[in-house]
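For reference, chains read A, B, C and D in written order, and residue numbers begin at 1 within each chain.
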Amino acid sequence: MSATEARAPKRLPLAPHEIVLVVILAIALAVLATLSDRFFTLDNLLNQGRLMTEVGLIAMPMTFVIVTGGIDLSVGSTMGLCAILLGYSWKNFGFPLELAIVFALLVGTVAGFINGWFITRLKVPPLIMTISTLALYRGLAEGISQAHSVRGYPEGFYLLGQGEVWGVPTQLWLLVVAIVIFAVILARTTFGRSLYAIGYNETGARFSGLPVDRIKLAIYTASGLMAGLAAWIFVSRVSTTRSDMGTGIELDVIAAVVLGGTSIFGGVGTIAGTVLGLLLIQLLKDGLALTGVKGDATIVVIGAVLILSILITNFAQRRREQGR
Amino acid sequence: MSATIAQAPARKWRFSLSQEWLLLIGIATLFIVVGLINPRFVASRNLQSILLANAYVAVAAIGMSVVIVSGNIDISVGSLIGVLASISGALAVAGVPVFFAWAIPVVISILVMMLQGALVAYLRIPSIVVTLGMLSILKGGLISVTNGVWISGMPDSFHLAQWHLLDLFIAAEPGKQAAVPESLSALKPMFDLLTMPVLFMLFLTLGAAWWMRNTAKGRSVYAVGGNAEAARLCGIPRERTLMMVFAVHGLFTGLAAVLFATQPSVIQSTVPPNLELTIITASVVGGVSILGGTGTVIGSTLAAILIAAIGSALIFVNISPYWLRAAQGILILVTVLADIYRRRQRGLAR
Amino acid sequence: MQSNSKPPVLALDGITKSFPGVRALKGVSFDVAPGEVHALLGENGAGKSTLIKIMSGVHTADTGTIKLDGREIAMTGPHEARRAGIATIYQELLLFPELTVAENVFMGHAPRTKWGALDWPAMRAKAQVLLDSLDIHDLDVAQVVGTLSVGNRQRVEILRALSQDARILIMDEPTAALTEHDVQRLFAIVRRLRERGVSIVYISHRLEEIFILADRVTVLRDGEHVATKAVKDTDNADLVQMMVGRRIESLFPKIDVPIGAPVLEVRDLVRMPQTRGMSLTVRAGEIVGLAGLVGSGRSELAQTIFGVTPAQSGEILIGGQKVSVRSVADARRLGIAYVPEDRGIQGLVRPMTVRENASLAVLSDVSRHGFIQRETEEKLANAAVRQFGIRTAGIEQIVNKLSGGNQQKIVLGKWLATKPKVLILDEPTRGIDVGAKAEIHRMMGELAGQGLAILMISSELPEVLGMSDRVLTVREGRIVAEFSRAEATQERVAEAMMGGTSHESSAA
Amino acid sequence: MKYSLMALALGATLLSGNAFAAKWDGGDDLPTNPLPCDGGAGTMAAKAYDGAAVTGSVDKSGKPITLVDVPKLIGIGYFNATTKGMQDAAKELGNVKVTTDGPTEAKIDEQVKFIDNYITRGVDGVLFAANDPVAIAPVLKKALSKGVHVIGYDANSTPDAREWFVNQAQFNGIAKAMVDNLAKEIGEDKSFGIVTSTFTTPNQARWIAEMSAYAAKCHPKLKWLETVEAQEDNILSFNQASTLLNKYGDQLSGLMGMTSVATPASAEAVTRSNLCGKVAVVGLATPNAMKPYVASGCVKSVVLWNPVDLGYAAVYVTRAVVDGKLKAGATSVEAGKLGKLSVVNGSEILLGSPFVYDKSNINNFDF
């Protein structure tokens, strides 16, 4: 009868787009591994993990932001600002290094909060707001640093960016923890559910009593915080602080998130997808380089994969819908 | 209800006007204030520099505005301009007649944009994904093909951007400053301002504004951007309209690329950094709603001029160069907030 | 019957249409005579929408013929339909909110100058002529459509149809979102069009409209043609029985329940510009009907009580205690629930599943430390499906694919899961078929019986009168009249709503 | 717009006044070492080898080797020229294979990723031009620890992260050549502006700092007005140069271009403003880009080393290191057609003095 309790067929563990990505990733891995015997080694893979940590960390809150139908273009500039303030406060304010790190994370948080505040309170569209702060935050980084870089951190500072813990690059642990936390939040918590609801229908979410503005404020703030964290790791990895750090990283991050199947219109997306997107981009870049493809050609391949993967998913989806 | 009706007439008119008035007032204020601080800022030579160097941004922003009104976005535009400029230069150096060195890139631009349009319209991939992918492809492809070798040695006549209005009538030799007849010498500063890129900017802006407002095709862009389903039922198919939108965008991008390429005597075969952001910022500050359905190209051109003038003005008022970018960021933010405040006042906030 | 004597302008014969898994229409025949209003009736899922989509060229029939003026035509797309003079006004008005009235009317077929450009003056003039021809004087052709009321937007749609010289106008539930006043004006327009010889296919769930307006009526059930009758040969009960396939005892099954102490008290509530000092009381077990025109401030009052637009001054008391409602979350905690007017936008997140929607207002109840307990959530959703008899393939069904009635039941279920003391229903049965309507009314009675205080906003006077213990009327942000169940009559309530101004004259 | 006005006024009061600062904008704050005004060699203390040592490398002396060259960015004329020099040297040597690959924008993390990938891929040596001397150090050290030889050119890293650095010219030498030429062309008491890439680019920042110190010492009346940033973008460089010309009018007598992009663009701006002869352009540039302006007489002299030679020398140095011919403590190294190059400053190989091109010799060069 009407009130059926028969459950819909169990959900697949992965969404269709993620299956497409896994297949592409598997093919790419297989091909690249046969072409270069140095590609599929633990050493290389761990090293690639180290290199993608910053993009990965920022991609986590970016997935949240895009799931709600927003966007944050200012992350690269926020990263530059945090990096500068980390070094500047340590050197010029005489902050102990620990305090300088906390200060940098705080600055990132505030930078994200400012984005979120304008977006929720004054209803500035996210794209416009973050395009403005993209210029503003980078400008502040340049102005504060007066183009001077800060170097010569104590040896211990480099553990995060260049060291290893139990044989795995230190920052990779952080990334893994972040992935788990963000994935659990998105998939399992009321907060995550609220993000999807906002992305699909913000008014409906508001009328259901969800604290829409507070949630949006929180994710833009988180975006700033993670940009600050990425700045810390980046400074530690490259041992210096410059105002142009993180330039253009927003496009790398968005490419990974979008490749991971998160819809730019909101409501759709998973952390698993984003992680697959990150891996695919990073391993393609690395693998192609190892098989002798130059950097410029690699960019072309990644652009094509981005379009193709979404294309395949669209086709698959349409086929399935027609088959119904 | 009666209250709404009473103030209804001319609302649309006032609305579209003030969008542009805000920018115009902004530009005027900027020129007056900075002109008072440093009179050289308003000298015709500097006005010419500002207009000349940014006309191509304004032309590209026209196409971008059309795309955004239709509810899409294009972030590949900067890379495409870089690619087209190299093609244009390479053709000119290879001895292709100058006209074709200008025209072929425009045709290629239209084709590339239509390809992207097809992916967006027929295969339903979000435009941001298509153009993000295309950005990568063009950027990498350009360097792969050219190896980054600079292009120079184009014939003099190739430099369309250096032509002046008077060259068309008086001087046979383009690129050289024309000798102005006595009778017109009083008008010389004005003629100096009217270099080809500036003329293109003016005519293309007015032409596009007219097209967007007064033709069925132009209105169909608003229709599709405002409500694609309703448009379909009015006999305006989303797919074909989007193809047209991208073709038009391709035309303007191509023209912008030609203006860009024919300016310097050396063409760098790399993609101009952040050009797409500059162009999108001009469109958005010009009042085109990122949600589609509203906006005019006059606004985007004025915004392009305002942004360029801000960049120049900050140097003239001796802002420390280290703080220049921050000041620019604040001014853009202020412009955006002023616009939002104004909309609020009029109850037009979404 | 004049309509039967003339040959039909449009005739569909033996129309069959299948979608994957569903046979939507099984050999349906339907015809419209010139100058006839032909009502099309049926519950949701009976095949009405499919039939009108075939008439308007959106779908193509699998089998069957379509004849226009006696000649068979191939209906291959909306374009063909328009050329044949068939125009459709959908329930969800399809307009361009950023553009003007004139432009909306002429989008796609605007007058041109000899240079091929759009002729704006001609466009405005022509739009004005159309407005005058329908005696509409409160609409300016230069107004931006986004700023118009629903009634005026619908008029813009009608103008658009007329501008294309439509001979056949299909109207899909045109009164669903209209106020009583606008309904009267619509009727006037429909009559005027009929006089001009325009044929109208009229779809509505409000049976009384059929008797006021229509010449003939066709009833569909489960994709099959049940009957076509002249309206004068049928009555309400007959139509309902044909539609539902069984008798429905009463559309308004009001149960008498003892009325208890005040649960919700509102004193001098102000939220400019639409709520200008309103006071009311709803008691346990009582259903209070709130009547008023669209724009009178009724929904705004509800949304102020519910915390969407918090009050600027005034008091709200729950169970005699003064409370502060600054947000929806506050309202929910205090036991206020609101089933909003716009189901698709405000009530539900339609691309989400039944399960996800059912728990959206009570996420904290189905979670522990912020983690959603999947089993608790499923239990909740299944309980709602059972309790409200929601017809769905399962709780993982996407809500968007359900009928309006079932969607409304999910909204109800979602809010009743918060265990409210006060339930505010805003247009609870808009766009819902007769069977589901009766079910929802029955539920309201039961809920009141359980001691819930119910505030019901409705544009349908029969519903207000049929279900309410007390009726309040709202005009211009104030409560202007109160009637007991016994006092409330259609005339008195309507007069209070209009405020006795000259509005009515133009409607007649 | 009221707001922007306020912001503008506020900005003007807060941020102006740098024109009177003692040091020129765009210079770094490392210690400077200006050369004597008269053209002497300057003080250069002999220094022990301070480069790093490679560990665990396979001895490939005389055997074929594969090198990778990772410049700051690819797609600009300057690095195209160094690439050409490397290919020339590889062809001459016969047993060296060099690939050039790098980021399309001068981004430090991109450059690091490229080098990292090539270490994994397995090369015998890395040639680099650092976007940042410190940021690049960790990955270079990693290369050294994996037995990969590391040689820098054009832009140095910290000495402990590479074995040798092929120095095109000493910073103070370039600075002296630039400032002397400028003073000669515009006169001792005139004013000028600088167009640079970005303030964070190490080489440019170093040169500006050295120029500032040298000018203070030897041309004290020369007046610096302003430094503007123009990336590595020729349209922007042109705009910025034009803006300087427009802003200062007659006050401005010279423009200094700090990059191979900025100098031709500045010359173009002067030409188009019809200021040839009134405003002098002095700067670093490749000859091909400057030929039209030198030919028209708008630009009198261009300062540069030969980047083709620089790339050429870098490959020869690497070969010598692999073959064990260049070891710590050596005072010179043989570099093919360039002859003997001397070791300076501990672990740097000096290409020579900066070269000044003018009308008489510019047509002898093609790069």
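As a convention for this text, a contact is a pair of C-beta atoms (placed from the backbone, for glycine too) under 8 Å apart; a residue touches a chain by one contact, two chains touch by 3 or more.
All figures in this text were calculated on a predicted structure; none of them were measured in a lab.
Q: What is the set of chains touching both chain C and chain D?
A: Common neighbours, chain C/chain D: A, B.
Q: Can you check which chain pair, B-D or B-C, has more C-beta pairs in contact?
A: Most contacts of the two pairs: B-D.
Q: Select the chain at the greatest separation from chain C, using centres from the mean of Cα atoms.
A: Farthest from chain C by mean C-alpha position: D.
Q: Taking the mean of the C-alpha atoms as each chain's centre, how many Å separate chain B from chain D?
A: Chain B and chain D have C-alpha centres separated by 35 Å.
Q: Averaged over CA atoms, how far is the centre of chain A from the centre of chain C? Could you give it in whole Å?
A: 44
Q: Per the centroid of Cα atoms for each chain, what is the distance between chain A and chain B, given in Å?
A: Chain A and chain B have C-alpha centres separated by 31 Å.
Q: Among the residues of chain D, which ones contact at least 2 other chains?
A: 26, 74, 104-105, 199
Q: Listing for chain A: what residues touch at least two other chains?
A: 142, 145-147, 294-296, 299
Q: By the document's touch rule, what are all the touching chain pairs in this structure?
A: In this structure, the chains touch in these pairs: A-B, A-C, A-D, B-C, B-D.
Q: For the complex, which residues does chain B have touching chain A?
A: It is residues 75, 119, 123-126, 128-130, 132-144, 277, 280-281, 284, 290-291, 320, 322-330, 332-333, 336-337, 340, 349-350 of chain B that touch chain A.
Q: Tell me, which parts of chain A touch chain B in their complex?
A: 122-125, 127-129, 131-140, 142-143, 145-147, 251, 254-255, 258, 263-265, 294-304, 306-307, 310-311, 314
Q: Which bits of chain C are touching chain A when the two form their complex?
A: Contacts found on chain C: 20-21, 308, 327-329, 331-332, 338, 340, 345-352, 356, 360-361, 363-364, 367, 370-372, 378, 382, 385-386, 389-397, 414.
Q: Note which residues of chain C are touching chain B in the complex, please.
A: 78-79, 82, 88, 94-100, 103, 107-110, 112, 116-118, 120, 138-140, 142-144, 147, 149, 160, 295
Q: For the complex, which residues does chain B have touching chain D?
A: 22, 25-26, 29-30, 33-34, 37-38, 40-41, 43, 45-46, 49, 53, 139-140, 143, 146-150, 152, 162, 177, 260, 263-266, 268-273, 312-324, 327, 330-331, 334-335, 337-338
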